[in-house]
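In what comes next, subunit A is part of two complexes: it sits with subunit B in the first one and with subunit C in the second one.
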Partner chain A sequence: MKALRDPVVLLAAPAVLYLTLLYALPLGWLLAKSFSGPAGLTLQPYTEFFGDPFNWRVIGNTLGSALWVTVVCLAIGYPAGFALARAGTAMQIAMLVAIILPLSVGVVVKAFAWQIVLRRDGVVSQFLVALGIWDEPQRLLFTEAGLVLGAANIFLPFMILPIYSVVKLIDPRLSEAGATLGATPSYRFVRITFPLTLPGVVSGVAFVFSMSVSMYVIPSLLIGDRFQTLSTLTGRSFLFMRNEQLGSTTAVILLALAIAVVVASSWLARRLGSTE
Partner chain B sequence: MIMAHSSFLDVSGAEKSFGAVTVLGGVDLRVAQGEFVSLLGPSGCGKTTLLRAVAGLLGLDRGTVKLDGEDITAKPPHRRDVGVVFQNYALFPHLTVAENVAFGLKARRRAAAETREAVTQFLELVHLSALADRSVRALSGGQQQRVAVARALAVRPKLLLLDEPFSALDRKLRETMQIDLRRLLRELGTTSVFVTHDQDEALTMSDRIAVMNRGAIEQFDAPEAIYRRPATAFALEFVGLSTMLAGTVTAQDGTTVAVDTAFGPLRAHGNFVPGAKVLLAVRPERIKVEPAGDFAFAARLRDAVFQGSKVQLHFEAAEGDRLMVETADLPHGVPAPGTELKLGWAVADTLIYPAPAS
Partner chain C sequence: MAKHYKTLSRRRVLASTGAGTAAALLGFPSIVRAQAKELVVGGAAGFALWMNGTVSAAFEAKYKTKIVYEGTKSLVNLEKMQKNKDKQYLSVVMMDDPVMILAVKEGLLEKLTPAMVPNLAKLRPGTVHMDGMWANYLQPWQGIAYNTKSLPGGFPSWADCYDPKFKGRLVIPSLQNTEGLANLVMAAALETGKPIEQAQFDIDAGFKKIKTLKPNLLTVYTQIPQALNLLEQGEAWAIPSMFSSNVIPKEKESPMKMSAPKEGIFVGPAGICLVKGGPNQEMALALIDMLLSADMQDTLQPETFAFPSNTAAKPPLGLAADVKVYNLDWGFVAKERGEWVKRWDREMAI
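Presenting the complex of A and B:
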């Protein structure tokens, strides 16, 4: 009874209760469901799933699109995080507002907007034709490039913000110290600045990858049914096929893959970031 | 004495403004090879700006910087061969002690064996060999400072700049580290420029001190000369304590002037026209209490501060004046406040300056 009076227990209780009831229990149910057959415990749903080449395509689609979205977000978000951290106060506020405000617009709304942008007569197509890169208008909607473009836009803030926050903490004198020791600007970036931003890169990558590996609405609206991912397949199994076994199996595989990739990438980054 | 004529570092006409604020107003600084020079002054006097300009971390509006006969004014910092120990040390937090020291050698693509040898040597010189593989984050302030010194010296720079490297350390540690660092730099023969606002630090460590005020060097001389003969009222005030009396010149006789002060007429060596407002000063240890022969005047003791090896006596003085004496020689013990004492000093010990415009 004494433990109940411990403030830590009391403070954590609502969160524990909430997460147990609404997250841990359903997840447990999902896990149990995927491993149970008519004759008790079984691995059959998994052997069946991995036996079908179509499902391998689905896994490839899922990981591939998530990887591309993450790469695009990193390529744009890394320099943007620097620009944000090194900008003047007024500029910084303006940029932060520009990054954070779009988060208040729902994903569905944004995905619909991208449908219009990516059409054959959409802005992107017109722009590329005007630049002379494309000879004639083309449709990006319902292509993988269109999916990556739209998803990267939606998840970009989750890459920029963690990188921004670590860059802001780097003492500019470290780079100056490197310079007085004879290090060229590029050597300083590789050996000082970049390793110190790795924690931000790791959290940005973990955010964006785990969000884009499990995205459901965006692929549904930007690429459609011909491109199945683990999460759209999970959705279809529950909603249209009423196949709870398949749905829980794909959900568990998705979860395992996402965790594996995020853990592996942060481990890799920590190794790269530590001394050579 | 060091030959002050051959200049190894030669800064001339250095000017720098930030917006409307002039931080350096045409500074000249010449430092001989192997010399240890301090830039001493209050915050905002331009000493750190001058240091950063020499390191190449800041561009000058006008003026040149020459090092070892070569004009380096336009060179970026990584090609200047000028090492810096920063005020907050700026150690690389993701590297170990040894990797921090090796950084400059690796950046200069020295051979691995040479790098290893230099790291071992310099860690030994700063007594940190045992901590080579520690993360720099796990070190105390004093240890971090030594890593910063070893890192800057390991590449054997032509010139070492130190930006208040002791300011984050407690007093006792600071004193031993000052002596250690001075000895190390002397052994290596490293030419050094040291920025500080602490006069004791500057007096202890320097071959010469440049007293800076408002973007200009007011006096550049050996510590003893600066203490004994401050060139300006600012140098007098900034370095050491002194008695200061405002006065008006009443007569001039050859090299000596008579000055009227709140304590009566006094004399000093100087060249001022009668009627000129002046400031008279005497270092506290130059004043004799109850002198055997002539004395200047009598003053009433306000306070006596016992400091162990010496006693500091503060006397009642008019507003704006300050009258204090430091002495170890009080045959009758520390006098009580309120006692009237005779004070005297040699005319040659009287410093005289034009009264600062208020």
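Presenting the complex of A and C:
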């Protein structure tokens, strides 16, 4: 009772009420629906789902595309995070604007723009032909490579910013100290700098992976109906098939995957933090 | 000529206004009542332009009743009727035939008869369904939409879709979309050599044939604007089984055109029904009759580019008079479609 009279607790009340009504209750309904059958509680929706080889393919598509998007974001975002942290003030502002401003553009608009970029006569195809990598223009649109490329662009800021925030806090004198002791640049990076950036990497990976695993609009526009993921299957179950149970089941599985990633990354971040 | 000036006193104004109102109420009760009437109609979002325009204006002028049009998807209209079963607010609903079947099963529709809707007796065979539970009005026809720059010679046959020269250049609708069924049925006809009327029941053959179309597919769409964008930009060369109403209005400004292939065209299952227990039934029947009339179907032709269901209406613009027209057995489709969609996902996946 004492805790309830605490004004700090009362400050959280609107948020708690809001989340309870609009998040916890619908989530509870979703969970209940996925475990309910004509005779009451049942695991049948899950056994049916996992018993169908096609659904494993859907899970594979979901995890595979999310993994590739995360890898591409990390490969681009890690050095970009360093560049941002080490840039001069004016350049840093310019870079931050360049990274953050695209977030104000809707996902649908960006995905439509990528449809143009990934076409046979699009910029990417022309660039690869000019470099001699491709002999003739090819399309990336409606391919897995196109999906990964487009999604990585959209989610990239969520990888760069956590890495930047960690790199910014690294004391440059640590690396200099290593140098005075005869450590080579690569040794200093592997043994000093990289471990210190890992919490940022883990956060970025958690952000990007959890968003990629549940993306709906981007695959719908960049790869289409022939590449089903858990999100698109959930949407289709509710909106077209009117199969609320299948939709609830796929949504819960998707949620479980996202929670697993967040929990694993938190555990990893704590573990890395404790070894610093 | 003597001029008569009358002084307007407050009493005189009140008396004359009251007398006028009383006369209106007693002498023209239906008109006065009708002026306050509204008729809520559910239908496809894409029909809002002509429903709110041509139809609404004609109906309001004739019956002094305002149409409030709620444009959305067929399944959403069904849901509205289900949720308000005890107190319907929709009077008339325009939905696809497969959804009509679901509405009939749930007892949401009121049967139509020629006594209630005189134009019902003048419709083409096969356009009044389940003994009058609903009727087709203007049916958008489905042919092949193609890019005129990429294919200046047009797209004369459904069989051409399977030509390897179209590798990665065709966009087809998903089976989720109503227009998606025509490709599967035509594939069955091409595979078996049977006429469409019989081939539509041989879906195994349809799947066997349509799987061979995969190398030619750019993508499978669920959203029509996305497919039209790809066609307009030239990334896609053709969309087999597209609705006429989506392409013909844009033919002048975009490099795309509708083809009515030699094998024939399909007509969309655009139905209209009376909602059971819906308000203002008299006006609801009047609207249904108006939309089934030859006059209104002729009037709407330049806006809808659809096939008229009234036998007295003129044939669609730009179509040969002897074009073969196919209407699918939507009862069979409704029964089997769920399984077909599952199979489609598995067999047409990348």
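Keep in mind that, in the parts below, the second predicted complex is superposed on the first by the 258 of 276 C-alpha atoms of A that agree within 3 Å, B and C clash if a C-alpha of one lies under 4 Å from a C-alpha of the other, contacts with A are read in each partner's own complex, and residues count from 1 in each chain.
Just so we're on the same page, a contact is a pair of C-beta atoms (placed from the backbone, for glycine too) under 8 Å apart; a residue touches a chain by one contact, two chains touch by 3 or more.
If you're wondering where the values come from, they're calculated on a predicted model, not measured in any experiment.
S.K.: Looking at A:G64 after the superposition, I want to know if it touches subunit B, subunit C, both of them or none. Which is it: first, second, both, neither?
M.R.: Touch status of A:G64: no partner.
S.K.: Touching A:G178, do we find subunit B (first), subunit C (second), both, or neither?
M.R.: first
S.K.: Touching A:P137 in the superposition: subunit B (first), subunit C (second), both, neither?
M.R.: In the superposed model, A:P137 contacts neither subunit B nor subunit C.
S.K.: Return first, second, both or neither, reflecting whether A:F54 touches subunit B, subunit C, both chains, or no partner chain.
M.R.: A:F54 contacts subunit C only, not subunit B.
S.K.: Which subunit A residues are contacted by subunit C in one complex and by subunit B in the other?
M.R.: Touching subunit B in the first complex and subunit C in the second, no residue of subunit A appears in both lists.
S.K.: Under the touch definition given earlier, write down the residues of subunit A that touch subunit B in their complex.
M.R.: Those residues of subunit A that touch subunit B are 171, 173-174, 176-185, 187, 191-192, 195-196, 273-275.
S.K.: Which residues of subunit B touch subunit A in the complex?
M.R.: That would be residues 55-57, 76-84, 86, 88, 90-96, 99, 103-104, 107-108, 151-152, 155, 157, 161 of subunit B.
S.K.: Quick one: in the complex, what on subunit C touches subunit A?
M.R.: 75, 168, 174, 176, 217-223, 226, 229-230, 233, 235, 338, 341, 345-346, 348-350
S.K.: Quick check: in the complex, which residue numbers of subunit A touch subunit C?
M.R.: So the residues of subunit A touching subunit C come out as 54, 57, 112, 115-116, 119-120, 139, 141-144, 220-221, 223-228, 236, 239-242.
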